[in-house]
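One structure below.
Every chain is named by a letter (A, B, C and D) in the order it is written, and numbering of its residues begins at 1.
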Amino acid sequence: MADLGNEHLVQSEDPEHPANLIPRLCKQFYTLGWVTGTGGGTSIRKDEHVYIAPSGVQKELMKSENMFVLKYPTPKYPPSARQYIRKPLDLKPSACTPLFLAAFERGAGCCIHTHSQWAVLVTLLVEKLFGRKACFEISNIEQIKGIPKGPGKGMLGFHDTLRIPIIENTPFEEDLTEFLEKAMEQYPDTYAVLVRRHGIYVWGDNVAKAKTQCESLDYLFQLAVEMHKLGLPWT
Amino acid sequence: MADLGNEHLVQSEDPEHPANLIPRLCKQFYTLGWVTGTGGGTSIRKDEHVYIAPSGVQKELMKSENMFVLKYPTPKYPPSARQYIRKPLDLKPSACTPLFLAAFERGAGCCIHTHSQWAVLVTLLVEKLFGRKACFEISNIEQIKGIPKGPGKGMLGFHDTLRIPIIENTPFEEDLTEFLEKAMEQYPDTYAVLVRRHGIYVWGDNVAKAKTQCESLDYLFQLAVEMHKLGLPWT
Amino acid sequence: MADLGNEHLVQSEDPEHPANLIPRLCKQFYTLGWVTGTGGGTSIRKDEHVYIAPSGVQKELMKSENMFVLKYPTPKYPPSARQYIRKPLDLKPSACTPLFLAAFERGAGCCIHTHSQWAVLVTLLVEKLFGRKACFEISNIEQIKGIPKGPGKGMLGFHDTLRIPIIENTPFEEDLTEFLEKAMEQYPDTYAVLVRRHGIYVWGDNVAKAKTQCESLDYLFQLAVEMHKLGLPWT
Amino acid sequence: MADLGNEHLVQSEDPEHPANLIPRLCKQFYTLGWVTGTGGGTSIRKDEHVYIAPSGVQKELMKSENMFVLKYPTPKYPPSARQYIRKPLDLKPSACTPLFLAAFERGAGCCIHTHSQWAVLVTLLVEKLFGRKACFEISNIEQIKGIPKGPGKGMLGFHDTLRIPIIENTPFEEDLTEFLEKAMEQYPDTYAVLVRRHGIYVWGDNVAKAKTQCESLDYLFQLAVEMHKLGLPWT
């Protein structure tokens, strides 16, 4: 693998720079149990650059210099223009990369992938209770108001039903891309897609939105599992 | 929105100053799972000022300069005198503000609002087990002694029954105020009101009391959920 | 309350000095969920002094200067000689004090009192399953080896049965003393006594032993509750 | 016990040196609930030295100078050449030592032993559901991909079945060695062995692999227990 240089892309004193922010987020996500054992991932788009955490690195030990950077021109450029412009020589790019890019195509500024057990359990419960074609649905819980109704449509209301599509897992993570994109088409208002027996992809207009939406969803999944244990219906 | 100035109201070297204390408390509450995804809130009254955490900010990243400050004169002044005297221009005031003020009307020095899942589950279990009109009741648990009997009445005893009223949630948080105030009238000794499918409001004479009462209640809600799973009655 | 002076008793640069160690332990116990809402307490005996955390202080904010110190001469002196020699003027001594002293009478160097929910749930399950007279019993779990067989008898073996007596709670904590002492007589090998619907008292020859025994017991209580949920017997 | 000297073996400025890394890992494992009450242990092989955390020390307080060091020559040397070359005079070597060495015999660079409650519960559930001879099996969960197929065989795939052998516990930890070695022979591809009613031994080619494999397994055990509670099968 050739050294692409461009070290300056991951060197910044600004704590909010993606190369500094991704390691901080990964550490926090580790504490939340979202990225156990190097699972999961995070990516941030800033202007025409996409920063991606590498594959196989312990999330709580991630460093700025571990970041991959992808040239991501404005939509008028073809996808083929999206090439790595900074690669750590000793690391592998995340298999989630094409999935993150699918979110950026929809205008996201940040995409988070977790292996949260609550997300996994919810995909299993939905299949058991409502069948393989069903999505996750919950309503009349205040925390739903932390999730947008859809791009430019404001936030969900208390009585609205939150719907998160569920796609089947594939042996290779990159093969999920096609199904993720289909789910995005079928649910144009969603900011998240659950992956059965795997976890979830959550995105948002910026880092704060992606992260708080991911937290609100995880809260709702945990609540849903506990509600099910107590014989309480979700809708 | 006009800049009201008054920056000095949120600038203090004293770690116990409300503008420093609210961010510290919010960070701690985040760790406790009470304010996930910008949910929940905290407010402190100090002399004739009420400090309120803003809406929509990640609770573990809250800063002193994010605080709203409200002029809150002694009771002889009309409520109309209660106006913001410091507003961060880029933030929205918390929708919980009128609910916090209802607690301050009762003499509270601090009010905490959480989205604790234990609180939400307890409101659902009470409805299922005892109906919509029922309040949460528990007795004969040592931790009950961490909750006051009522203003000026000392703490609950081990054999006393703790009763926390439950109000129904409304689509807009500010619309809860009327129901919260009714519950306060109906349960004049309570220091907390549960909101079905939403969370809880807890207040106290000062920050330490509001916080430790909130902790004791959350402990009791978690215990009650676990007791129910194990077939153990609450009273 | 007269100022007893003796400030030097709580001033030390040594992090292992009881006045520094108790705040550090209390903070750690707070994180473990053992001392929520100012519940629980900790006491250390060092030579002829007993250090006790005060009542009503938030455990994660405890400071050295909050400590009470009791003169605790060697056993030949009458209990009446056991008097406070250092009192913070603005704080109340812990209601657990006579219970801690009962442990020191048995030669303990440290005594910990927690409100752990696992301890409370175990006392309720034992009552439901085996009646009010039963103690908690568990065997054939490796962690049992973290608990001593009795003073001077080494540690329990894997196949041994751990037995922890359970006493009924009383409205006033100090009234527990008599029942705690009876349980200590009836179970002369125990290093812990459970209090129904309340928590547990655990002691040890020194701080490290009291703390690790408390951790091992809490581990076993949590495991026992989970085992019961899964239909797995304790012995 | 004679002072063997060799203090330089545990003195290094390098945070990645085993004598610094083991304390850091132990502290992290304490937070994960894996080494409660001095249970569990960790060992790292570096070149011809094996570093082992001592017995009976609180894991979150472990220090570099607490480490035992064993001379561990290349395989052509007889096991009798494996002798301590550094011993803290006031501490006892870990009873897990022969079990760690069994992993190093198989080429491991690091071995972790936890008392995780999820591991213990899984061993009890497997016995109850499938009998004493059964191993733990799970498939079709993404996190399985965090576990290797076997030495030099790459990682397990999503549809592969993860199998972890379970051995019975013995009263003395060192007596487990024979059964651990038998399980290693019977399951030549495994990187972990569960011990019924006790915990797990997990090893890896290096520290990062041992740790992340241990995390992935613990995740799967927790998920398996929760799946069982919800009536969801493991395979």
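We take it that contacts are C-beta pairs under 8 Å (C-beta built on N, C-alpha and C of every residue); 3 or more make two chains touch, one makes a residue touch a chain.
From a predicted model like this one, the values you see are computed outputs, not experimental measurements.
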| item | value |
| --- | --- |
| Number of hops, subunit B to subunit D, where each hop joins two touching chains | 2 |
| Per Cα centroids, the chain farthest from subunit D | B |
| Interface numbering overlap (same over half, different under half) for subunit A and subunit D | different |
| Separation of mean Cα positions, subunit D and subunit C [Å, integer] | 32 |
| Where subunit A and subunit C are represented by their mean Cα positions, the distance between them in whole Å | 45 |
| Junction residues of subunit B - those touching two or more other chains | 229 |
| Every chain pair meeting the contact rule | A-B, A-D, B-C, C-D |
| Of all residues in subunit C, those that touch subunit B in their complex | 36-39, 58, 115, 117, 120-121, 124-125, 128, 169-171, 195, 197-199, 225, 228-229 |
| Subunit D - residues contacting subunit A, complex | 140-143, 146, 157-159, 208, 211-213, 215-216, 218-219, 222-223, 226-227, 229-232 |
